[in-house]
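I have a structure I would like to understand better, so I am pasting it below and will then ask my questions one at a time.
Residue numbering begins at 1 within each chain, and the chains themselves are lettered A, B and C in the order written.
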Amino acid sequence: MKHLAKRLRYYLGLLGLFAKYSLMEQMAYRINFIAGIAVECGYMLIKLMYAVLILRAGAEINGLTAHEMLMCIGTYIMVTGVYMGIYPNYWALPLSVRDGSLDMQLTKPVNTQFLVTLRKLDFGMPIPDVACGLALIVYGWQRAGLPVTPGAVAGFAVYCLAGWFLTYCLFLIPELLSFWFVSTNGVQALSSAVFDFNNTPMNLYPKWVQRLGILLLPVFLITNFPTLYVMGALSPAMQVWGLAAPLAVFGIQRAIWRRAMRQYTSASG
Amino acid sequence: MEIITVQNLTKVFTYAAKEKGLKGSLRDLFARKTLQKTAVENVSFTVQKGEAVGLLGPNGAGKTTTLKMLSGILYPTSGSATVAGYVPWQRQRAYQRRFAIVMGQKSQLWPDLPAVDTFELNRRIYEVDADAYRRTLDELTDLLDVRELLQVQVRRLSLGERMKMELIAALLHRPEILYLDEPTIGLDILSQRSIRDFLKYYNEQTRTTLLLTSHYTADIEALCPRSIIINHGSVVFDGPLAEVSEVFGHKKLVALKAQRDLTAAELAAFGTVRACQHNTALLEVERDRLQPCLQRLFGALPVVDLDVKDIPLEEGIAYFYQKAGVSAP
Amino acid sequence: MKPYGYVFGMGLQKALAYRADFLLTLASCIFPILMQVCLWTALYAAGAADTGGYTYEQMILYTLLAGITARIVATGFENDVAQDIKDGGLNKYLVKPVDYGGYYFAQFLGGKAGPIAFLLAVTTAVLAGAAAVLGTAFSPLRLGLYALSLAGATVLNFVLFYAIALLGFWLTEIRQLFGTIAIVILVASGGVFPLDIFGPVGRWMAAALPFGYTTQFCVNIVTGRLAPGQIALGFAAQWLWAGAFAALCAVLWRQGAKRYTAVGG
């Protein structure tokens, strides 16, 4: 237990240093920083369009009121915003596999995945998403008249965290394919297309799509589970699955990671 | 004490072959061939603790691939290696704390920050305590004379300065083994020399084991009492660099200058003519026939200057680069 | 013309070499369309959707055609351009007697040849299906105009993304943003849903901004939502925007190249 606490402190300390260095770098390149925020604002507006469509329809669809759906959309916007904070690492991974700049990181006495996925933190891009997502959640929560108890808020936060962790794992898998294939654009396009199903709450989709998105490729957990939990619409089995699925996906992702590390060919360049 | 043991290490890379032209692309669409390239083949050697060993070889000989396997970056296809009791590619933390690798072509420094920030990060990663870190950093910055550059953005440093910072970053945790892959590549003569001098001093003072690849024979000559020449992926020579030229030890070079212009035809009688231009010439002569040869030369030609030399080291190395096995010419 | 013809062939080869990529990218177009179909089905079923003058069937047809059209005009070279700028790969073009933009345009078209042939086949199938279901006939004239508008849309989208890629001279990390930029522009082009459902703002976006002329305009020609006058106006706007962006590219290129050589790549 003491050892675990020490390890945790070690990694949190490194994370803090990464944050500090990333911020220093971004301040040195302010145009990039601002451009990132601007583009992300555009993306956020796009995601808001779906909220507008649903709010204007104003109807209850398959058990969710418009405001509850708003909460789902807000959750999605917020969680992807947090993901954008580490996106530069994901973006750079195939490149560093191709040009061999992963070499040095493989020789460090620290968890390589930690180093590779969390080294660069972007502080600009998450701002619009997190702010807007939170606003939608708070507004939707209030208008939907759902209870604001410590339990509900804590549960919502836990499922958001689980969703974020799931996002972290799910997006890493296609990037890892770059260890085997020269170009992974196709896989990335496919995975973000699948992920975009989260643009709207899952209750809009047919039952079979919902089942696939919950059980097989659990992307729907991210957008829907926090809100469904607060609504009391998550069955005990689903409550467990909402926490177990991220761990299962993490296990799969780690297995692929280990194989990828063996596969690494360290191009010289 | 043996610190590095390499046995029959082999690395084969597999890659997709791409056929040329549009027709080829269409064919590729349905069936793709793969090609194999053996980068390292049955390489075996051992290194003693505290040794400085140079790995020499032409481009693509497998030097870098060998270093990458020893530092755990690559998995070998077959063969084995142990370094300080560890199998490198298992990437155990304990092993990773005991070595460092510096690559001339790949940087571990954060380009947009001062080098000292990367040092601090390494201190945390390797869990070096603050006092030891301070002492090591002071010592290394003094030795390499970069104290006033610590706060400069890495991007703004010259190539030589940057390499010095790479060395510091690698040595902060006091590794027992230091792998160096072309540490002086692209540097000017002065930087090359100061890095070479530093490594020599550091190796002597700390008994840190060095394994180094370089294009520059001068690096190896100055630093490494022992060299291993790798060609076509396998070891073709292992010993002191001075012995490399001994494959040509039975030959000498005679450079001469005469009062009049010389012709290759008249010189052929004395030895193998390597060059002949105006009144100067370079001859290759068997060592045991040197004395009679020189006497005849003085008798036959109006010699004004004459110099007897060993065959240069590079030629010895080049010989090994061309040959796959060791045998005297 | 000769070097560009060669580069066209190379682009075609490259597209084939990344066959898995191409197939997956194609597959990935299906999901957003499927999602839209679900969304509209649910919203129309709830009976309260603001239709913006679209019936359910028209909306689905729009979604399908827009998805395909956006795919036809889609780019992807912007990464290569920004990469050239960032890592000094531009040097090898600066010394060659070819126009850099022309080089990429030829390669872009080469890469497009295969997908377009395939996508036009899909379009035909969709239109045939729509004709059967909706009972509307698509006149040859409209189809011809659609094809014509696609040519303009392809050119416009190229210069649009080329201009964005050239911003790489100033924004060193722009490559990270391309993914998001592409999505934003896709939606702003009406590639996901018709912009007119967002009322006056949406209609203004479609008409006054360049993006709509790469997708929504083309789709509206086939579906017959545009009067002949509007079509003529649209073509004029499409080519004016293409010209404007081509000019912008020239300026950006000149300024950027100056800056590039000054900094030393």
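One rule holds for everything that comes next: contacts are C-beta pairs under 8 Å (C-beta built on N, C-alpha and C of every residue); 3 or more make two chains touch, one makes a residue touch a chain.
What you see is a predicted model, and the numbers here were worked out from it, not measured in a lab.
Student: Which chain has its C-alpha centroid at the greatest distance from the C-alpha centroid of chain C?
Tutor: Between chain C and the rest, the longest centre separation is with B.
Student: Using CA atoms only, can you tell me which chain is the most central one in this structure?
Tutor: Centre-most chain by C-alpha means: A.
Student: Could you state the distance in Å from the CA-based centre of chain A to that of chain C?
Tutor: 28
Student: Distance from the CA centroid of chain B to that of chain C, rounded to the nearest Å?
Tutor: Roughly 52 Å separates the two chain centres.
Student: Taking each chain's centre as its mean C-alpha position, how far apart are chain A and chain B in Å?
Tutor: So the centre of chain A lies 46 Å away from the centre of chain B.
Student: Which residues does chain B have that touch at least 2 chains other than itself?
Tutor: Not one residue in chain B touches at least two other chains.
Student: Spell out, as numbers or ranges, the residues of chain A touching 2 or more other chains.
Tutor: In chain A, the residues touching two or more other chains are 29.
Student: Quick check: in the complex, which residue numbers of chain A touch chain B?
Tutor: 10, 13-14, 17, 21, 24-25, 28-29, 100-101, 103-104, 106-110, 112, 261-262, 264-266, 268-269
Student: Please output the residues of chain B touching chain A within their complex, sorted ascending.
Tutor: 13, 64, 68, 71-75, 91, 93-94, 96-97, 99-101, 103, 105-108, 110, 112-113, 117, 120-121, 124-127, 153
Student: Touching chain A in the complex: which residues of chain C?
Tutor: Result: residues 18, 20-25, 27-32, 34-35, 38-39, 42-43, 45-50, 76, 170-177, 179-181, 183-184, 187, 193, 197-198 of chain C touch chain A.
Student: If you look only at chain A, which of its residues touch chain C in the complex?
Tutor: Going by the criterion above, the answer is residues 29, 31-32, 35-36, 39-40, 42-43, 45-46, 49-50, 52-54, 56-62, 87-88, 91, 181-187, 189-190, 192-194, 196-197, 199-200, 203-206, 209.
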